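Below, each structure is written out as structure tokens.
Presented sequentially are two complexes of chain A, the first with chain B as partner and the second with chain C.
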Partner chain A sequence: MPLALLPAALILGLLLLAPMAGLLVQSFRHFTPGHVGSDVGAPLTLANYRELLNPAIVGLFVETFRISAIATLIGLVVSYPLARCIVRRFSAASRVACIGFLVALILLSMLVRTYAIELAFGSVGMLRPLLRAFGASPNSGWYIQCLVGAGLLHYLIPLSTLMLLGTVQSVDPRLADAAQSLGAPAWRAHLSTTLPLSRPGLIGTFMVGFTFSISAFVIPMVLGNGRILFISNTIYDRFSDIADYPSGAAISVVMLVVSLTAVGILSWLAGRPAVPE
Partner chain B sequence: MTAAARGRVGDDIARTGVAAVLIVAAIFLLVPLLVTILMAFDSRSYLGPLPPPGFSLRWFVACFSRQTLAVGLRTSLALGILATAISTSAGTAAAIALERGTFPGRTILSALFLSPLIVPPVVIGFALLLALSQAGILNGFVRLLCGHVVITLPYTIRAVSASLAGRDASLTEAALGLGASERQALWTITVPLARTGIMIGAIFAFAVSFDDVSVASFLTDPTTYTLPVALLSAMRANFDLTIAAAAVLLMVATVILIFILDRAVGFDRLVGQGMFRT
Partner chain C sequence: MTLKLTRRRTLAGTGTLILPALIGASLLPREAAAITELVAAEWGGDIVEAMKQIAARQSAVGFNWVLFQGGAGSILPKIKAAWPRVEYDYVAGWEGSFYGMMAEDWVETVSIADVPNLADIPEKIIVKDKKGNWKAVPRAAGGIYFGYRTDTAPIKITSIDDLLSPKLKRAICWPGPTQSMMLQIVALALHGGGSETNMEPGWKLMKELAKSGNIGRIAVTDVDFTNSFTSGETSVGFFAEPSWAAVAKNFPITRLTKQPGMKTFLYQSGFAVMKNRPNTKLTLEFINFAISPSMNTLYSQIAGEAPLNVKASAPSNLAHLSFAPAQMTEFVYVPDYRVVLASQDAWTKRWETDIAPLLQ
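On to the complex of A and B.
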């Protein structure tokens, strides 16, 4: 192994792999309520994992995955035509401007994004009169879910669009033209040529968007208003509110296993390696 | 109605539907930012409905006189610059070695190097907190630096790898064939090829570090905290418009970063260079 790999390997080993191993051990430690973390040499136990079968925690996982999956899918449905439009319809100048705007949205601070959405659509936002007119409250559960979804989408749309540009570009437009010249209407032509050819790109984009969403932290914390928690928020609360490190570690381990499984399944579906090279 | 006519109606519906989706998406992406900019200049002393009756700079003044934000900004800048420097050097060296090397385990290693991207940042922060406490490292800044080096490293490795992919090997071979030494080939072929990737990686690394909350939340101490952590606690304490002013300033910072990126690389190359790939 070349020497040039050493610094990066050291960083990865000492600051990621070793701490993850420590986290795994911590997740089996016995926790005494009131203490900060587990005691040194505390006995090993499975109690931290058994506690996760509690319906509240299971519900937390289900909620996180449900909102993330829906938001990522909506993001794909919006981003795919947007990417196509940028690649096939726009002039060179507006293509560059559009890509620049999307990259700016990616680099924009997550806090700025969530604050802006809270300000625009939140409980004090400008949709409030509209909601009132329909007899809905901006504090109702479904609306807060939408708000968290909107927070995710504000990042997912630019991310998915930029990722899909390459996919759309590599699909030969002459295939859809050929289908049309054989008598298929344009929408059928795209549905049966363009879309299937974009499948690996779509699955890959879904995977990246989905892993981003399920590990979201700031978005549910601010927009969820304490009513919606994601797994990340619960891990943080275990750490900061009750200092129950073993339980936080157990949730982290399960979260990691579940998201790695999801990544594995999706990349198998896409027929590509698990991590982009 | 004939099949062809039905097809045309279908096309019209599809085209209108797609146009509607794109317009709604553009509004959705832009409106929150515009609202924030508008509200940041609100002259009212409370958070009222749109539009503001008058404009003032009071919230910007309030933002600049907030002690915690100034402290956070200073930490974030120092942290961002240091973390970017470390991960860009380590990442560039690793990416070049991976790209030029032919040793066993190369693919596994490069997958491993990108793995911090799929580990949830909260898990990285929590694991690091436990490990660093156990190792007796209690200095807030050192802890934050450790966390930010880990989360920024994959961006620099990926950007540099992408800028070399497929182009370096044949050019290096040509240089060696023409009598250059290994060292000469490295400095005259590989490093110049990698330059765009290094720039892109460094800019993304800085942006990631400057924006991180999930990892930093675990690693701060009462006197060392980053700007996003300070902003988040200000946001949760009272929802006033000082944050809107800070948000506008951060938007300006993003725009500046985007101009640098465009000047240094160009957006077309950025997409082509594989920063956004599946």
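On to the complex of A and C.
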């Protein structure tokens, strides 16, 4: 290992790997109800992992991944044309203004943006009478799910658009022009040239957005009415409110493994050639 | 396209802005610390406001207030992570969190010699360890009970069975599994003939309630409850006195503290003095001041909890929490908080597996 990498390796080991190792050990400890965390020298057990096989807990994982995947996909569908428009259609001044606006949206506090949505569209929001007039109950399950999805999109769209700017810019526009000059309609020219060449960027953006979504904490807590909760909220409850560290650690470890597997599969997909050789 | 924004320029710009600010801050004159500053962990809202007003009436110590992020139990993991280098001089709490701290041996033993005003607080309510040592200083009593917003509730609530009425669609704000130590389920269990040691009737009724679609919001914080009630989103709930008092400032509330079949759960709030702190004597002196008759009266007026110092006077707006001996038997229930605390883990997990899926 080059000497120059030593500081980075030390920091990584100290701040990431060591706490993760502690978390892993904690996940196998026995928990005594009424205590805070596991006792010193508590016996090892698999019970913390066994209880995660309960269908309700599995359902919680599925729900977190489902809502996150849908929101991330919608974010990509909205962001890609937006990024293309900014890169290909806008003047230099408009481009800078748009990028500045997107960066400002990214920097906006998560709490502020989430409560803004709650106050406008939530079940205690200003638009509540309007929603009721249209027969939509702001307290219904599907509406709350949409609201949580909207909360995720509020962050995902600017993030994805910024990430896709480079992707769109790196695709040579003359390829689509060439396809069109050979008789392909515009939509087909883009589907057969621009989109396949953007695939690594799209997958990379999906990975970042998906990782953000599945680890969201504030958004489901504020917008979910306590009825739609993500795995992060359950982990927080276990650690903070009932002080069952071993159980919280077991959920965290499973969440990490599932997330890394998903990211691994996506990375593998991104590394494959866009057009079969 | 060539973007003007480069990493080098961003870093240079950031440095240009931050460096003068840091230099300027270091040159600002600093006031010498004149008095000892205690770190106190408290609830937010009216309770910390009451304590701030009490602190303002003495000059022996200053305060750095730390607020719970959720219930009083939310501070326990933070203490565990830092122990024994804990930074809190006292931690406010109630029976539930006190027993948790005692199990970890974090709190100092207190006595009348340390806190002379304890002589005016009934001894039987003081939290003790297995050896009979006093481990917390009580300051007030509060209640957790059912109630509803009189102007928006679709029906008049007279029994727990009314909670299942189809007229209450999405009208109930129900405490989340980490609120009120799950006494809400104990309340349902009592209605079904059970108790904190026999919770099956409570879980059965809770499932019916979740399936009924009458729960509009699960409050995961006190603020969730007050926001939901004040906005009119929901109208019926089971919460602690300070939360009801916050809503009652602006809206008519019917408190079901003396309704046959609907128990009121009494708890005491108070101070736990942490071990391993350098300011124990000053902390105990402040606590003694805080539970003196006049300060206990002041606390009660602002925080909305009944004073426990027998020489203090209770405000008239707490009459609903004043019970004659016969009423105590009929309307009040004081659970075994050691059982309640030991069951939190199992009850929360049961909520996640049996109740949460029914709420969506």
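Just a few scattered comments:
Rule of thumb we're sticking to: the second predicted complex is superposed on the first by the 256 of 277 C-alpha atoms of A that agree within 3 Å, B and C clash if a C-alpha of one lies under 4 Å from a C-alpha of the other, contacts with A are read in each partner's own complex, and residues count from 1 in each chain.
Heads up, the rule we're going with is that a residue touches a chain if its C-beta (ideal position, glycine included) is under 8 Å from a C-beta of that chain, and two chains touch if they have at least 3 such contacts.
No experiment lies behind these values; they were computed from the predicted model shown.
Looking at the shared chain after the overlay, A:239 reaches both chain B and chain C. In the superposition on chain A, A:258 contacts neither chain B nor chain C. In the superposition on chain A, contact is made by A:116 with chain B only, not with chain C. Residue contacts after overlaying the shared chain place A:124 against chain B and chain C alike. Using the contact criterion defined above for the overlaid structures, shared-chain residue A:141 touches chain C, although it does not reach chain B. Contacts of A:197 after superposition on the shared chain: neither chain B nor chain C is touched.
In the overlay built on the shared chain, the residue A:96 is in contact with chain B and with chain C.
Of the two partner chains, chain C is the only one touched by A:33; chain B is not.
Chain A has more of its residues touched by B than by the other of chain B and chain C.
Once chain A of one complex is fitted onto chain A of the other, the partner contacts of A:47 are absent, as it touches neither chain B nor chain C.
When the two complexes are laid over each other on chain A, chain A has residues 37, 96, 99, 124, 128, 221, 239-240, 245 in contact with both chain B and chain C.
Against chain B, in their complex, chain A makes its touches with residues 1-2, 4-5, 7-9, 11-12, 15-16, 18-20, 22-23, 26, 37, 77-78, 81-82, 85, 96, 99-100, 103-105, 107-113, 115-121, 124-126, 128-129, 150, 153-154, 157-159, 162-163, 165-167, 183-188, 200-201, 203-205, 207-208, 211, 214-215, 217-218, 221-222, 231-232, 235-236, 239-240, 245, 248-249, 252, 255-256, 259-260, 263, 270, 272-277. Here chain C touches chain A in the complex through residues 1, 3-5, 69-71, 73-74, 76-77, 79-80, 99-100, 103-104, 170, 176-178, 215-220, 224, 227-228, 231, 233, 338, 341-346, 348-349, 352-354, 356-357, 359-360, going by the rule given at the top.
Touching chain A in their complex are the following residues of chain B: 4, 6-8, 10-11, 13-15, 18, 21-22, 25, 28-29, 31-33, 35-36, 39, 47, 49-50, 86-87, 89-91, 93-94, 96-98, 101, 103, 105, 107, 109-124, 126-132, 134, 146-147, 149-150, 153, 157-158, 161, 165, 204, 207, 210-211, 213-214, 217-218, 228, 231-232, 235-236, 239, 243-244, 247, 250-251, 254-255, 257-258, 261-262, 266-268, 270-272, 274, 276-278. For chain A in complex with chain C, the residues that touch the partner chain are 31, 33-37, 51, 54-57, 59-60, 87, 92, 95-96, 99, 123-124, 128, 137-139, 141, 169, 221, 225-229, 234, 237, 239-245, 247.
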